[in-house]
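The letters A, B, C and D name the chains in turn, as written, and every chain counts its residues from 1.
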Amino acid sequence: MQVDQAPLEEAFEATIAGNDRIEPRDWMPEKYRQTLIRQVAQHAHSEIIGMQPEGNWITRAPSLRRKAVLLAKVQDEAGHGLYLYSATETLGISRDELTRRLIEGKQKYSSIFNYPTLSYTDVGTIGWLVDGAAICNQVPLCRTSYGPYGRAMIRICKEESFHQRQGYELLMTMMRGTDEQRAMVQESVDRFWWPALMMFGPPDGDSPNTAQSMAWGIKRHTNDELRQRFVDMTVPQAKALGVTLPDPELQWNEERGAHDFGEPDWDEFWAVVKGNGPCNAQRMAHRKAAYDDGAWVREAAMAFAARADSVGRD
Amino acid sequence: AAELAQYCLMLGDDALIYAHRLSEWTSNAPDLEEDIAIANIALDLVGQARLLLARAAAADPSLVPSLPEGSPVPDEDRLAYFRDAGEFRNVRLAEVPNGDFAELVTRLLVLSTWRLATLQRLVDHPDAVLAAIAAKGVKELAYHRDFAGRWFVTLAGGTEESHRRLTAAMATVWPLIPELETGTAVERAVGVDPASVAPEIAVVLDQVLATAGMATPDAPALAGVQGRTGRDGMHSEALSRLLAEMQVVARAHPMGRW
Amino acid sequence: AAELAQYCLMLGDDALIYAHRLSEWTSNAPDLEEDIAIANIALDLVGQARLLLARAAAADPSLVPSLPEGSPVPDEDRLAYFRDAGEFRNVRLAEVPNGDFAELVTRLLVLSTWRLATLQRLVDHPDAVLAAIAAKGVKELAYHRDFAGRWFVTLAGGTEESHRRLTAAMATVWPLIPELETGTAVERAVGVDPASVAPEIAVVLDQVLATAGMATPDAPALAGVQGRTGRDGMHSEALSRLLAEMQVVARAHPMGRW
Amino acid sequence: MQVDQAPLEEAFEATIAGNDRIEPRDWMPEKYRQTLIRQVAQHAHSEIIGMQPEGNWITRAPSLRRKAVLLAKVQDEAGHGLYLYSATETLGISRDELTRRLIEGKQKYSSIFNYPTLSYTDVGTIGWLVDGAAICNQVPLCRTSYGPYGRAMIRICKEESFHQRQGYELLMTMMRGTDEQRAMVQESVDRFWWPALMMFGPPDGDSPNTAQSMAWGIKRHTNDELRQRFVDMTVPQAKALGVTLPDPELQWNEERGAHDFGEPDWDEFWAVVKGNGPCNAQRMAHRKAAYDDGAWVREAAMAFAARADSVGRD
């Protein structure tokens, strides 16, 4: 029996047009739901996989203060993963199913986490550039059309910008340290600059989903708009820090009132997206091992809860 | 003051070294909730370690390793990063390598029960700094013990597999308990005599084990070397490996700022 | 001379770093015979590394890390113990963490086939020292390859489990082969162009795989970072951890005698 | 049907009395066989477990030369284990069965390996003191009554004395190094001196098996005789090295023409023998893990050999 969807669709479109939120109980087009599941899950997976590159340095943090800061940050990422999985669950899919899709390679996570962290400095650079880019991407998402996602983003953005300041502050402190430390900062920035620019996705011309996502209010700006915003925000920060950004084409364009900059290596981008980056296999193997190793614990907890439940009902 | 410094070092090293083991769990826990909880516990312990090491340094500056003239490395980090294994004063239970989640739960149950009982008695310590650290720590430790206790009972009553693993974990952890209860002259002189908290620990553990339906393992103490154990700077082979990792970046930059 | 030194560093680092991974197998092999054989291979590679690092130091003393005045640490050890990860020139296949015995066999098969083919061509190198090192190494490598090849065939034709594990091992090792074959300007200028040995390696591996009845994995190359890989000092996350362990004692004693 | 054993026993006793070798095909009393199995297996297990404390430092050896020396030494220990298991197999028991007995705790290994190695220096101290004590124990065993055991001991003793010199040479080199290195040597000697003395076993009065083993020519000297020989040999070496042995009672006794020395802590000795030393559980767990992890490889090799065999027979 076919229900007449026309009024439902009309209500949905009106909500979107009014910049109001769609809530879990509201009717929504199936493609909107699927697009959201894909996007929010990918965001959640990114938080979880993103724990690895920085987590790599927790046990080697060079001061107790930095160890505490880093532990707290990686913990926050787990927390973000948790909110985002919860938001995804409101779309009718379980966290366990989402984790399986991640592990089986059916859903993706942000490619930036497929680059290795090669020195402690990378913790600072990730905070500054990667969290910085993430914020540019995410601030507009606080106004995204799906309620639970937008509310999760508000909380996440607040914490991310705290992380970004901490990362920048680490680099700033190191720049006031030894020559060796300054060289480490520059080396790290050289490695992460281009991957950070790639975080905004392919050029608008190669981003087929952007238009629909913008129409639905899931996305608020194009990839290139956000990338430009990030560059303009970051250049003065780099200057204050005293590092060079590794792009000879980077310069202020008076006319545009914005920076011109070079083209990222899109072949590298697509290779990493397709699974062939330096750490894709390692990150997935790590996640899968943790998931598999934890299976007996999750089973024990379920068995225990089931028993307690049946006792409670007696 | 030298004895107070030694005592703060003992409590600080327990926290620092066990926090390291806990932090190795990051991104490896059975589920996100546990990952967050374990990181939280590690974070509490790093916080306690910082305060205790700073107190030790203030009470006896001669303890603090010297670095090249002009090094900006603060005292807490000199103590954490520039001492060798034989200078660490933590009990061996804090340093032994991680096992599975059952081992985590069992070790955390024992260590947090012991530390909570100790800190509760230190709340009135004549040294106001140590007393304040203890007061803050008591709240944290109560949560750690609660987390461990709940999981202990869950694993005991979960599946056959979880029960088997918990039994095996207890067999590895229990031989290290007597070391916690033996105590040193320093602890008896300026801190809490571990022998005096042993009965309370036994009561708590008995209670948890009874709730869980687990039998107390009949395990002899893990011997030291010529009677010397962690508190005397006599550790297991694991500590020097742990420190090689923990200290590598800091030691590469004795003049570094972080 | 600077290029010759760089080249010796590449070959020396491959040997040193892979010897470290092999030595981790000590007392952990499936049986005594393999324990002995693996230690033997590690020993050969440590020997090669010593000669190659010494040659690198002699050819370009500016490569050798400086230590405090009067340090008795010899050049080979300064190069092994006092460089950071980014200064190592080994391929990443030498450094990635150990897996199971199938991974050992597969990695050793690939690395020894490649190194044997390379050293065979270096036997006539204009640098007499390098030529002599190569001549000695050829005999050793032939044994390494033989050991790996025999086990490869055995595991392929052993049990379902061993076949499954060998297949998995190949999936982790194969993506690192293109890096071996790419080569750098230095290799092309003063050594053996890896591209020129690639066909020979392919023939040998094809032969072993055919005997074993294993299919060549269809795996894309493991990417570097901005096109840079091990030879350029761009390594995996594993190398800095390996070095933290390998270098810890030496670095604690820059004035030490051993 | 009872075979008349009298002539066999007579021949056996005559061989022993003549200091000749008993060979695998010769008749031997069952208790002699069992005693030998126990002793040779224990010796083999000691070589294998003994790989662990020194193996602990291979990856951290502070010079490439020392790394090579240590790798070769630990490899030699595996080789010794191999000869000794072969010698035991001539008594009618398989290596696999012996390994199982070790892992199940039914056979022992030398207690010295239940002490931890806490610095690289311990590699030198183990060479000097532990291998030194082993040589004192083992040289007489080259003349032991069971042929395969005696011949294995000849080869082993030659290598052990090489190891002993290498260990001593490492300590000597370190003593010519920094103050810190000298302190490390002293600290290590302090830890290993008493356990080394315990390697000769309990005092003669508490060693019930000694008499029978000596009567059978399996053992050639009592525990206390060997211990005295070791002390007398080691004291001048310690002096040449410049370290103090941690025994206030240690002094030359002109009358006896030998050193007097203190009593080891026999309570500690028995605790370690019973399994409660600092590393017993760790050593056994390590051995068991390696054995279990290798099971699939051994099975694969057997399956492969069986298949090759059946093809050969076709």
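Keep in mind that, in the parts below, a contact is a pair of C-beta atoms (placed from the backbone, for glycine too) under 8 Å apart; a residue touches a chain by one contact, two chains touch by 3 or more.
Keep in mind it's a predicted model, so treat the numbers as computed, not measured.
Here the chain-to-chain distance from chain A to chain C, counted in touching steps, is 1.
Two chain pairs, B-D and C-D, are compared here, and C-D has more C-beta pairs in contact (counted per touch definition above).
Separating the centre of chain B from that of chain C, both taken as means of CA atoms, is a distance of 40 Å.
Centre-to-centre spacing of chain A and chain D amounts to 58 Å, using the average Cα coordinate of each chain. Centre to centre, using the average C-alpha position, chain C and chain D are separated by 35 Å. Among the residues of chain D, those touching two or more other chains are numbered 60. Chain B has residues 240, 244-245, 248 in contact with two or more other chains.
Judged by the touch criterion defined above, the protein chains form a pattern that is neither an open path, a ring nor a star, and not fully connected either. Chain pairs that touch, as defined above: A-B, A-C, B-C, B-D, C-D.
Those residues of chain C that touch chain D in the complex are listed here as 16, 20, 23-24, 26-36, 39-40, 42-43, 46-47, 49-50, 53, 72-74, 76-77, 80-81, 100-101, 153-155, 157-159, 161-162, 165, 245-246, 248-250, 253, 255-258. For chain B in complex with chain D, the touching residues are 85-86, 172, 175, 220-227, 234-237, 240, 244. Partner chain B is touched in their complex by these residues of chain C: 84, 240-241, 244-245, 248, 251-252.
Across the complex, chain C is touched by residues 48, 51-52, 55, 57-68, 71-72, 74-75, 78-79, 81-82, 85, 120, 170, 173-174, 176-178, 180-181, 286, 289-290, 293-301, 303-304, 307 of chain D.
Residue ranges on chain D touching chain B, taken from their complex, read 53, 56, 60, 115-119, 187, 191, 194, 265, 268, 271-272, 276-279, 281-282.
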